[in-house]
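There are structures below to look over.
Two complexes, one shared chain (chain A), two partners (chain B, chain C).
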Partner chain A sequence: MVRTNKDRFFLVSLLMLISASLSAKTKEYYLTLQNHVFVPSEIVIPANTKVKLVIVNKDDTMEEFDSFDLNREKVLFPGKKGHIFIGPLPAGRYEYFGEYFPNTARGTIVVEANHVD
Partner chain B sequence: MRIVTLLLLMISGLVQADGIVVDKVYHPYVLPNETELEWRLLSRQTSENNLLGQRIAFGKAISERLMVEAYLVGEKTADEDFGLAAYELEFRWMLTEQGEKWADWAVMLEVEKIHRRNDWEVTSGIVFEKEFGRTSLTMNLFAVYEWGDTIKDEIEGEFRLKYRYRWIPELQPAIEVYSGEDFFGIGPAFMGIFRIDRQEQIKWEAGFISEISQSGKDHSFRLLLEYEF
Partner chain C sequence: MLINTVILFVKDVLPVFIMLSFISMFHIPQLMTRRDVILLLLLTLAGMWLLNSHIESLSELFDGGGLELLYTVIDVAVYFALLMSCIIFISAKPINIVQKLILIVSIAGYIAINLSEFFLYFSTFLVSSQTLVSTLVGASFGLGICVSFTALFALTLNSLRRNRPIVLLLVWALYLAGFLAQTLYQLQQIDVLNSGRVLWNSSQWVADSSEYGYLLKAMFGYVSTPTTEYAVVYLLSLILFAAVIVLPRKLSRAKLNPMGGLQ
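Here is the complex of A and B:
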């Protein structure tokens, strides 16, 4: 039961904290597929944190992002934007490739324990 | 709401299952444009009976999140030679993007008709998968409603579980658990993927499940081959 201004202050602070944590947005990282090459070829993300990888396919052909390391598969439609949720992951290097052009469409997600943007 | 009620009833143990529970643990994922041919085999040996079941299926993702599969089911029992036993239509609807929520979810609906008999079975349920590092826990919870001219109207419950270590794409060892009211089976299983070209790949699964809640012999071997293109 709220009795004093101090109690009210802590209650409001708690509610604001809960509200902020609920609305906290997953950090986004961007990747472009052009001429069947992922750019940049390496993206660094923090360890133990879920991130959203936004991928723009600028080619006029379909591609499929595939990574056994990341346990993800995603169809990338030509001229469209897609996204993949990654993590939380421990530090390490995680390879991925495009199923349609595996020789050129390749990249790495580097997960760093002491990552600073 | 009806599905939720059925699932709650099932969880509470008020419904019973007495059919063949060992089959396949479904994953919640659907990929757009995915087309597949599937073959499943189940060989079950008990003290009194041997049963051989096979099913072939054609599946196609008809939207970014909805997969439809049509099955022909064949069976050989102690009394009957191998032959067509049933037809089945299955819908799997992916509810969440992989990794988006705490776990990945899908819902399923299957409608099966027994060959040359007015007997039907409708299965609905939820499919769940959660990653823990390099391992994945997959669970299926189904409510099965049967009715028809030669079978008793009843609601059954089924639970399937797979805990898989994603070792290498071609070989991923797992433990599988299958449960109904009169069956509780557990055993080792394996799955893998061999890539051919682009979206072309072959998936395989095998499992050796032993019934452990009763003293009699009851072993099942299951095999699945899936060609995706």
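Here is the complex of A and C:
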């Protein structure tokens, strides 16, 4: 039960904080796998920011997105899309590859400190 | 294709062999009979069949994070089951049926997940006659590497059990800590947990993508760029292990019995 003005203020602040965090949408970046090649092969994202990476597998075989630099692994089913969250990351280059076809399915996520969309 | 199959086999299957080495040290024959091992095998096969037949629909649950959540739940269950069984081993108490079932089901789940990941890869290339031979040869090499390593590792653990039981406990504690800490990445990947600051980068000495990196990750949860929360969970797990196993007054009075229990 809310008893005092102080309690009311705390409750309203809490609700505002929750709604603000829900409405703050994470920026999405898209990656497509076609003919065992990731397109684009290089994605530039801002430093110190969490982003959502949506990966669409247009091939008719499975693939697994893998990155030691990002500590991420995601199974990509044929004709389906999957997503992973990455970051916040310091500026640098982070490599990723497809586990099943590592010779062709490769790419880099470039994290820039002064990134402008 | 051949090299890639070997690498994937080592990456996905070696952790299973390492866990089996520890289980053979701590649980067989004191906690698990031959019948239990057969049950473990059957449950693993059933788990693999279930996972492989429903993996696509499972992955779409919880806004695309179904597999990550399932893997996390099973990994955490395995962690606590192994910790519980270690306490039972040290205290030389008999394991009851519920504890035994928790242990067997969780381990079967873990093995099923790891083997399923490899079988997904395997099934992709087995259907093509061009890649069939190199995939099978690569899998044979991978199996050979895993079996050879496991034999040496089991011998080392056995020697530690007889001569340095405290060191064996330390190795076990590091293994469990690494095992638990690695579940964090699954949760961060689907945005259940936020990623924190990277504490250091040791990839110039041991890269995660190297053979040593695979091995150290499977044995002790090594990552070249650990985050703050990774280090915190790792340390908390070590403290928990010390609290439930090493610290009890019982240990200060008695020596660890290498065959299980305290003397």
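Structural remarks
Just so it is clear, the second predicted complex is superposed on the first by the 96 of 117 C-alpha atoms of A that agree within 3 Å, B and C clash if a C-alpha of one lies under 4 Å from a C-alpha of the other, contacts with A are read in each partner's own complex, and residues count from 1 in each chain.
Criterion: a residue touches a chain if its C-beta (ideal position, glycine included) is under 8 Å from a C-beta of that chain, and two chains touch if they have at least 3 such contacts.
Note that the structure is predicted; figures quoted are calculated from it, not measured.
After alignment on the shared chain A, the placement of chain B and chain C results in a clash. In the superposition on chain A, A:113 makes contact with neither chain B nor chain C. Shared-chain residue A:50: touches chain B and chain C both.
In the superposed model, A:99 lies in contact with both chain B and chain C.
Shared-chain residue A:80: touches chain C; no touch with chain B. When the two structures are aligned on the shared chain, A:61 is found in touch with chain C, with no touch to chain B.
More chain A residues lie in contact with C than with the other chain of the pair chain B and chain C. In the superposition on chain A, chain A positions 50, 62, 64, 68, 71-75, 77, 83-87, 90, 99-100 are in contact with chain B in one complex as well as with chain C in the other. For chain C in complex with chain A, the touching residues are 4, 8, 55-56, 59-60, 64, 67, 117, 120-121, 124-125, 185, 188-191, 194-195, 198, 207-209, 213, 223-225.
Note for the complex: chain B touches chain A at residues 29, 31-33, 64, 97-100, 131, 133, 136, 166, 168-169, 195, 198-199. Residue ranges on chain A touching chain B, taken from their complex, read 50, 62, 64, 68, 71-75, 77, 83-87, 90, 99-100. By the touch rule above, chain A contacts chain C in their complex via residues 26, 50, 52, 61-62, 64, 68-69, 71-75, 77, 80, 82-88, 90, 99-100, 102.
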